[in-house]
């Protein structure tokens, strides 16, 4: 494929289709809307279906149905819309239906929503937070693989800078390796065989072939998430080996932090940065290692301090953790405010560094 | 009690020449249900399974079941089934049907599931003309949670949350789901039956059959509302269920086909 | 090398389309481009800003530009934050008389009376393309033909009929900036 | 009401009643057109009374239709046994 | 263009004897709106505010406004207002009305808000016979997000998510909200107007007035669906809005009163 | 009032009414249903309104409306039903509408749901987790006060052992002290005055009197929650002064843990227990103090490890934290499984204590 | 179509036009029954053309009714000025 | 002093009502009572269990009883977990012949043929009250009159007509347990 100038939303849509997504249902909400529009434009051409779901709840349940029937499927929204999907995302995690949720958020204030959720029960959602459009394309393709590999709903946590920035990108199918059998798929052929299939959060099974029931099933699902936590965390870092100050940031904010930290590094500051690429599972062990020698662990996020919890849990020395982020919203409510800006971030970091570069 | 009664031996097949005209249970049933004595829902289940068998679509059918007493049928129907969230069955069924148009897709939902939690789901699916068949088991109460007022509880009906009977002033009017659905252009077949009498049972089965035929013909959305007894949620003895149904639900929700 | 352009004006002036055209033209030439956008919540008359970055290798610029090399200033209103980011000495194409060239003291200013130029080629709606044509003539960012192609590609089917007028505007704009001067250039008067 | 006379009239049908499945709801009794089903005095394992068949079944399947617990198999007798005793009513 | 035109000075009040017969804006308006040229929604807002004033209920009115372009009216109406979540206005209004029965309570919602996200809310409120007045601004698109298909987009209409025009096969049929609501027993007054012509504007205002009168009389639920132009979401020039409305929305949604 | 034998649900309903609750809207869901039934029975008699909301979303929005109009109001549900309310709970937190949510949960698997939520934006919800019916009655009354004091939705996190256990209780009105002015209440009288009122998450104000807008407003709300975090945390503990082992548990599980720990203490073990009474704000400083001398901090909760995060953040020594809880569900899915039982808990605790009582 | 003759016929009404509020949508022009509104050649501060009134206004308020931007005050002239010139049309 | 009672049987046997009656009677006498319940998901025929704790001071017992002093065993099915918690020596009223008294070797067993007793007083549905009457006679937990009052109070209006039959059952049950014996007591036969 040639390089195209694509809005992030359109690039992600291309990536989803390249990853085999053939069903999409969504409801407009800025800045996610462009992704829905791209899907509605592109999917029919590849034999897929894009539905204008009448609401987020209906959309995510259509997707749950399509996914249970064996199709790679996705939905998306942001903020309030994702809040409305909580019940269903939890349900899918517990009944093990794989699909992708594109959370093209308005800001970074939904870290808890993605990583702890407001669904019910013991479930987790793999959440990738790309730093730019190019990475969002890669993450999208990876996510369809992870969803199916682990039979779970997964989240891409984007933002306006991902959704609405246009960049030159190339989208090509990626092979992420083999996947397990899909013998759980509902295709209708089980009827009358005595071995008809069932997708059911309670996992009671059939009278002739009882399932584990909720006690054992939910424990098994919790164990599965523990296993995912142990293997699927991803991160990126630089200069942490000798850094006295490590700045932790996720998503596009990490791009800004990287920019500022590299600048400061060039000026002689012993500073490094750490970025959780997966917000869940949080790369805790890596963060512990990255902060072992640090005197200061700064957390920069565009919210009131949410990832802060995970950093506090995993920083080598909890007392070294300082929050330097904050809530910052454009007047429209639809984008970041002034804080998402390299010079401002630079000032915030310098404000907590005692003295000059030597420190 | 005192009069002698001649009782025929019914412990095994007759020893005189005879032809079996009705089996107790469809072969797609995998076990016993645990619903209350006199409940109407198992009858509806039987009809549904018989229709699938008679139309010979058992091996290309996918069911989506909501939350209510009928939810436990998931354990005993030999059909591929998604147990979905309360109210969401029509959306799940939509997703399934759109990616597997060759399958027959149905939902089984109660009045609480369809007229309360998921009213919007079924109406939107009907308006879209989704080629699915929704089956509403309407007993006018939340049976599974013990008999509270739903959007279909009829005026005057006593429930645990309308102790003095449903009163329009406070609780509003009951919603005739089938009528509402029939008013949407995407609806190709809409009917209302009841399982309170043998005749009603036979009629309801014909309705279910036509609904699935409509779906298979690709004509659009189909819905069969089935009035079912819930003696437990109505606080009446099991044997008063059919009479209660006839005097309450059936008065507000006349039986018959609503599409032409 | 990465070069940044900021475009600033008010909603409805065609700012997004102008910026998109440049970024697409660069992409079509095999370069790397990024187009950052800020939409106000309101539909019209609010601030409209775009940033374009073009380079020969994968870009390092942030999606909120920390600083910029060049500017197209379509309207003075709301322009302050964008102008504050300009690195001194770079080129700035400004729409006179709506913008006062003196407001960019450190830049190499190219004033263009875009309204007049656009009207002169019977393309009154294409002010943005006049300025883009001028900017490209000054900076030689892309082949002028690539701009015309990109502009045409970007028009939705129901607006395709505006392509020739836009092309005229691009060409007319390109013809304006003889040299960066202190006085507005424009149609001969 | 079943009278002693009725009990000997013709049965055109008969049943198999899986009494252990019965939950004693009475619906079959209410539904039976010739009123030939009566509830037992005893209870089954679950403690429910269950229907018993008296003569006069027509094999109409009404009982099977309405039974929520899938208790009945219905048979039509072929050929119908001769009337024995009183005038066959029309 | 070339012909000389006599233009009357309209910069100030006439200097000849004259009686003012129409004010540009109701006094309850606190400032300018920022909606698109040719948008129909501000006209509906004006009518609503005028009716509140004429009925003299301004100081006992509470509004509940949903999410759509009209959402920004919250800033300019001099009325106590709850800006609620997308689709939820009828429920919020219910809560308000039940605890403040002496107030007049209205909702202002778009088609996306009422027919999509919140279809169930308005139907349930209508069935309950809530004494509230719901105002639906129906332009057949999500205007605020740039013109995508809603549940009321008419067949054939091009939107950003039905590029080839709404096609029943793929996108289903449009939902006539007022008709659906009128079919519920709790509905006391339901009507559909349009602001695309001066006559339509006058008629719509009468409808709004009757709706509030119905509420104040305690008769039940009232709804006025108002067809409004959205040239931006329809991708037509502003001056083609009224014509487009007449040829599309109005064909699917006939104007008039739906209750008797 | 005399002592009555009341099911927890009924006792809570009485307490709510005693606390001035006059509007309730809810949708049945076990084990919450009884609370709705009690409210529907009792509220009309005191001039209140109880609506059979047609769904949880409608219910919570009715409550938001009634509360915005100045009435003490509440809703409730559990698990999936609370998941459906996430969007609205977040909205109410951000537009500052006070009400109470009775989460009569089926188990302890919704700790994240209560404490991090799945709504959107930077919001928190004060969450009280009573250990028994008597305390639930007290908490209910306190919560109506806290909701109004802080203008925020708040949660009572109960469970089947609270909802469905019947105990002899006395419910009496409690005076929790003065409350701020309620000048924000929508009563309709603002119309036409030029000072009409507004309840709006975006806080844009009126054209004649602009509000702070989302950037400043959301930051102010986040600051308010920080202030609440600093003042409203509550806890209970025993024997932590000299405990080598501190067991942390919340809600009814804490009652069992207390029972077992007291037993072990009596047998000579140097063991203590700590119970966060508020789950949010989590009593972090108190936990740090309580665990400063401990070698082992055991976390017992009936889930896959959710409060565990908060304990890790606040335990004096993070490496001392051990999880001894787990998912445990009755076959019905509606109640706890075998793990909620004193002998079983005793075994779990002993399994991680090396040696006997001396240890 | 406005003809030179029309321009001098009677006006029964007149307007105040708040041109700076106008967004140039043309709806008033379309709505005016006697077609006495025409769009200006100039634009206002926001860049929009706005309506101008030519003689013949009846004071019917149609323009005010349809205007989304609340531009018009409408007046009825009292007493109506005498016809001057050509035959008053019925 | 706190005394615990576990009641075990199958759904539909009136177990919850029996337990509720005892707890309410105690509350009405000014004592502290707790009634714990376990409902199965299924409506009938599944396990039904209740625990009643009565004391003179605020209770310390857990809502899932760690151990219990006494029992009423209405049906043997599903009874095992409850019986395993009984402290040896306490009283157990068991419903014979559905329950085998030998299954509680360490308890002081009071067998009652509740079905027969109930039928004998023409209250065939009131098996649970027969057993409760017997239990109360053995343990003297509350005033027998308090039981009748509590029972009557607990009946919903539409079941009020059963009160007299239930009262007869309570009385008949109270008359049974002369002494704890190894053989079923019951109506004279």
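Letters A, B, C, D, E, F, G and H name the chains as they come in the text, with residue numbers starting at 1 for each one.
Please note the rule applied: contacts are C-beta pairs under 8 Å (C-beta built on N, C-alpha and C of every residue); 3 or more make two chains touch, one makes a residue touch a chain.
Note that the structure is a prediction, hence the values are computed from the model and not measured.
K.L.:
Between chain A and chain F, how many steps is the shortest route if every step has to go to a touching chain?
P.N.:
Steps on the shortest route: 1.
K.L.:
Can you check which chain pair, B-D or A-C, has more C-beta pairs in contact?
P.N.:
Result of the comparison of B-D and A-C: B-D.
K.L.:
Please compute the C-alpha centroid of chain E, do the same for chain F, then give the distance between them in whole Å.
P.N.:
The separation of the two C-alpha centroids amounts to 41 Å.
K.L.:
Please work out the Cα centroid separation of chain C and chain D, and write it as a whole number of Å.
P.N.:
About 91 Å separates the centre of chain C from that of chain D.
K.L.:
Residues of chain H touching 2+ other chains?
P.N.:
Residues 42, 45 of chain H touch two or more partner chains.
K.L.:
So which stretches of chain F touch two or more other chains?
P.N.:
Where chain F meets two or more other chains at a single residue, that happens at 54-55, 80, 87, 91, 202, 330-331, 333.
K.L.:
Hey, what residues on chain D touch two or more of the other chains?
P.N.:
none
K.L.:
Please name which positions on chain C make contact with chain A in the complex.
P.N.:
Contact set of chain C toward chain A: 20, 23-24, 26-27, 30-42, 58-60, 62-64, 66.
K.L.:
Spell out the residues on chain B that touch chain A in their complex, using ranges where they run on.
P.N.:
Touch residues, chain B against chain A: 27-28, 30-32, 52-53, 58-62, 64, 74-85, 88, 91-96, 98-100, 103-104, 120-121, 124.
K.L.:
Any idea which chain D residues touch chain B in the complex?
P.N.:
Result: residues 2, 4, 7-8, 11, 13-18, 21, 23-27, 29-31, 38, 41, 48, 52-55, 57, 59-79, 81 of chain D touch chain B.
K.L.:
Where on chain F is chain B touching in the complex?
P.N.:
Spelled out, the residues of chain F in touch with chain B are 27-30, 33, 36-37, 40-41, 50, 52, 54-56, 80.
K.L.:
State the interface residues of chain E toward chain G in the complex, per the touch definition above.
P.N.:
1, 3-8, 10-14, 16-25, 29, 32-33, 35-43, 46, 195-198, 201-202, 231, 238-239, 241-242
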